[in-house]
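Next come two complexes, and both contain subunit A; in the first it sits with subunit B, in the second with subunit C.
Let's turn to the complex of A and B:
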């Protein structure tokens, strides 16, 4: 195959379609999956990648993303430098390919299955195949966009976590995605598809880390579906530390049954352009979703977070807490949509979005959208955009702390309110250190 | 140590200090009294280097240096400490973190190595005991949710940690109960030394029973209108400010009404 044929011109829908025709991903022998993939392809041919004419994408600057050409990388044996030793269960993907040599597949108990999607799709055990067939794609919203259908059409790997009823996975499951560009001309693209099926009374904690080689250009298009059944507890972390030149388009789609508790933590520290769509359907009474977000933008980064919580039935609660810190010329968009259906009485929904602007060139947009069709509900929301408090600055400086350190301390304090909501000690400690260090060298010793 | 000469200061174009002269030498304790709004906090803030004040005339010299050249943090590193009239709450920054940053920044300024974590912990516990502050307050966010008296005590803890050469205490006694007043005074007295100076801004002569000042000044209408020894404070307690030159307009007009 010539080098030209390998290249995808991002802004041309045909180019994507042509490119993938030759690739037959795992699972094409499954009729249900093949049908989904074909439908998605057709849909993509109609949709193409979203642009400023799409209402939900108006503020997401995709110009740089679209001006690039991409290629699907072949599996490599590269060992990412950021990978640390672990004794925890861990799956590792490099440029979208599962790497069994770098993964730690631990025994997680008789009722817990954790494996990569490509392997899971070829698994003989009918239980697993049935599970995937029953859940795959079911949490995705009707109203879709080009990246999401591309993902359905082309995703060849990701992780599958199935917890049978009552399964409690005590260990923190780690998933690492590394990306690196292959060459100057060919930036890599990977479509990742993850599926969490937490059946009744099960519990798990999953940390997804998305990382890239310094400076490399790539597009990571990653979707995670979470299905939480009755009284299931899912604690899901997405830590974005993509390369400064990378593009990340992510979706986390959550379906919740009665009395389930899901926490989604979305921490965006890297990437040139990143966007996350986090949607949750509260389908059973007593379900609770907590969405925590923290954005640290610098240089010319653009970070978008779009959240939607659908209160479909009565007596559910949602608690959303997003904080953004922007420096230099960075930009952010937060859109928080809460829909309370007519039947969803006694809903309790709270949404807070606070933005801290450190530079006159940074810009934060906050768009709360509350659509309430029930009458007996408690919904509150607040959005603020502000700068560091001058009184606090003077107080710290009057104690001998230089202006830069004072700023970093106050900025960290702002971020810390989200970090404090992280209940996994190791993750909280790690983020505390990382964020403090990113704000100011040496700050990690103080906090 | 501190030499304020003919100091004129305005805020947003409004003139507040109108020619203050004050000289404080090492080893001395000065008390500044005066009616509300006369410019006591303004004077303290200007010395500490707060933004937003314009010096239109006059000068502030500290240890022979013109202070206007120095940022607030540099002044602090040179030994100036301001105990705030209204200490600021800083959620998310612990007392420990702030003081560690402050101490290390000052040590860096002096070309010294950072204090080890162990030494720091020992020092802060010892100083917390000095002001009878429970150690759990050290881990709490700076002043957040502290009662009025606890905030004042926290100011003294910070002073005890930073060991300034010139301490400006802006109404540290306001809002303290009798026991707290004693503790704060003990803290202050423990720091008195021949190479340190203190300026106490206060409304109450009561404080001066515990911390005996060498000089007492009355700041009124933006100027020091009277200076004396500790007996001046007693006199003020008895007579108020209206008998003084430049006493508040309110007091003056009240007097007129009375006459």
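Let's turn to the complex of A and C:
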């Protein structure tokens, strides 16, 4: 296959479909997977990539993304400079391919398996193969968009984490994704599919980091599926620090059984255009989902977060907390939807979206939605767009702090409310430092 | 609790109980001979409507243009409502009580129509009027009678059917008609512009405070007719007007279409207060029949310091699709939206507002109270948009939903679009049912469950009711009690 034939014109659905033949058929020996992929490809041929005419994309213009040409890159041997030493278990992916040489695969206990998808699919040990076949693609919503089906068709790698009943993984699992531009003609595109299966009474903490070379242009399309069974606890972090020119389209799709607890943290610091769909189905009584989000927009960044919590059965709780700080020409979109089904009595759902606009060129669009079909429920959402509290400013000024410092301190405090919800010390410290560095630059003596 | 209060509440309960069995009170048909077009819509029908009204050439052109536009448009389907497809060729687009010479006094109005309005409790007879309400009554498609016209014209206020205004004040019509809601704004505005038959026209000259509340009552009587009325209110510099609107229709098994357009223009320092109590026939408990209410209402605060306030109590209609909006163009202008929407049985409502902030220091308030009972589906959908130049814009939105019964739905879809950093927006929404604690408290004070629920519901809606003019507030409260009957327990 010549290099030219492998170039994909993003805006032409046919181009993606044609290119499908040229990518590795790994996993196609499994009939169920081949069927899913082919269906997805057919669906994509109908859907194409979304545009602003689609209600769910009306605030996100993908012109820049679509005007590019992409190519699915071959495995590279590049060693990313951002990679730091670690003593924790870690998987590393470069341009969508697993790199065993950079990963730290540690013994996580007898009942925990962590490996990359490509390897897992060729693994003959029947348990794992069965697990993947049973769960793969099951949490994806019916109503979907082009990127999501494209991911199903194209994804060849990612991580698979399976926790057998009662397994507790105490170490924090780190997953790093690096992307870098490769050729002149086409930008890199990587499709990643992750799968977390947490069976009854299991527990784990996963940190996903999405990073890229400074300034390079690429498209990263990553989906994580989380299946949390009875009483399972999953703490999932997604840290977006993509390159300033990169596009990130992500999805986290969660299915929860009774009494399970899932926390999803979505921290967007980088990328030119990033979009995250975070969907959760509360399918068992007593399940709880916590969704935390922080957006720190600068330059021409565009961050679009779509969350959806579906209360299917009674007695579930959900708690959503999204904060946005926008500077320069950045723009943020938040859509939070809570659906309470007819039978889901005694639901308790809360959603908060606060936006802080620092620059006259920034824009915040917020679309909180409640859809409630049951009567004995407590649901609330609150959304605000505004500036820093004048009284707090006055208080700080009255203590002799100059306006600029006072603003920086309050902005930091605004972001800190989300950071405080992070339970992993290392991540919390890291984020505190990064954000303090960004917002409190030059104010070291105050901190 | 004092005995008097107890007695009063018990009496109220008895009233309520009587009303349970009561059918839709306004559901009678008046037997008047009418001049109704055969169902169907084409250019010829549009021409005939225009000819019936003896309209000047510019109106016919306006209608035809709108009609051609409408033919190219598609019915919107984004709302959270579900209804059978409307066959626009099965609707009659014009219906008027027959033999309508120009009326100078009430004696000339067909007594049967007067009887209808009397049954509805509309104060058409001037002597019976609640103080200071001037009424323009629209029966099917034509305006039957406008009261208090002389008193109003002394103050310089123009209050007349829009079909007359076309002849008497063509310059105002030309200037303002479709200046707020463009013909092609949506499917129903285009349709309305093509076929609207009557409605009210109000012009308040500069500096005049309209001496009385103005009011229109709409009634659909004929079968298979659609009602398309058009209201245009202009408050010139420093003027003030308060306008009320009420609607009813007979009980029928077929769905009937009501597609109105209301345009408000507030110039510098002017204020318009627009109140609606909508009680179109909601259909029976199985969702059979009822009015499809597809209404476009929009006001523009053109001048600085102007104010437009919408208050609505929506208890009727099988389908409500309605978003009274305010475009805040002038600096320091104010937009308000107060709404109570009730859906019972199989009623569906998708209603809310749009506040478009363009001028500096503009502020808007949105208070929306949704009550769902039975299988009712109630949706709040609203947009608050702050444009780049709208410095120091302020918005407060509160959307509360009250659920009664486990088969109803309450939904909130607010949109916030902010392009200016000095804006301050708050949106709050809550959904809950009547709390057991509240009920228990009231019941242990000796109130029956129904009285307790009625009290809680009225308390829930109080913020909106107090925006209504006195008589309307009383009526709205009564309407709510009635509409909720059978929803409790």
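Here is the rule we go by: the second predicted complex is superposed on the first by the 419 of 447 C-alpha atoms of A that agree within 3 Å, B and C clash if a C-alpha of one lies under 4 Å from a C-alpha of the other, contacts with A are read in each partner's own complex, and residues count from 1 in each chain.
Note that contacts are C-beta pairs under 8 Å (C-beta built on N, C-alpha and C of every residue); 3 or more make two chains touch, one makes a residue touch a chain.
Because the structure is predicted, anything quoted here is derived from the model rather than measured.
When the two complexes are overlaid on their common chain A, residue A:371 makes contact with subunit C while staying clear of subunit B. Contacts of A:402 after superposition: subunit B is touched, whereas subunit C is not reached. By the document's definition of touching, neither partner reaches A:176: not subunit B, not subunit C. Taking subunit A as the reference chain, the count of touched residues is higher for C when subunit B and subunit C are set side by side.
Applying the stated contact rule after C-alpha superposition, one finds that A:10 touches neither subunit B nor subunit C. With both structures placed on the common chain, the touch criterion links A:410 to subunit B but leaves subunit C unconnected. In the superposition on chain A, contact of A:198 is made with neither subunit B nor subunit C.
In the superposition on chain A, A:390 contacts subunit B only, with no contact to subunit C.
For the contact definition in use here, the subunit B contact set and the subunit C contact set of subunit A share no residue. Remark: subunit B residues 48-51, 71-73, 75-77, 81-82, 84, 87-88, 90-93, 97-103, 105-106, 109, 141-142, 158, 162 touch subunit A in the complex.
Only residues 389-392, 394-403, 405-406, 409-410, 412-414, 416-417, 446-447 of subunit A touch subunit B when the two sit together in their complex.
Residues 78, 80, 386, 388, 401, 403-433 of subunit C touch subunit A in their complex. For subunit A in complex with subunit C, the residues that touch the partner chain are 55, 59, 342, 345, 355, 357-360, 362-387.
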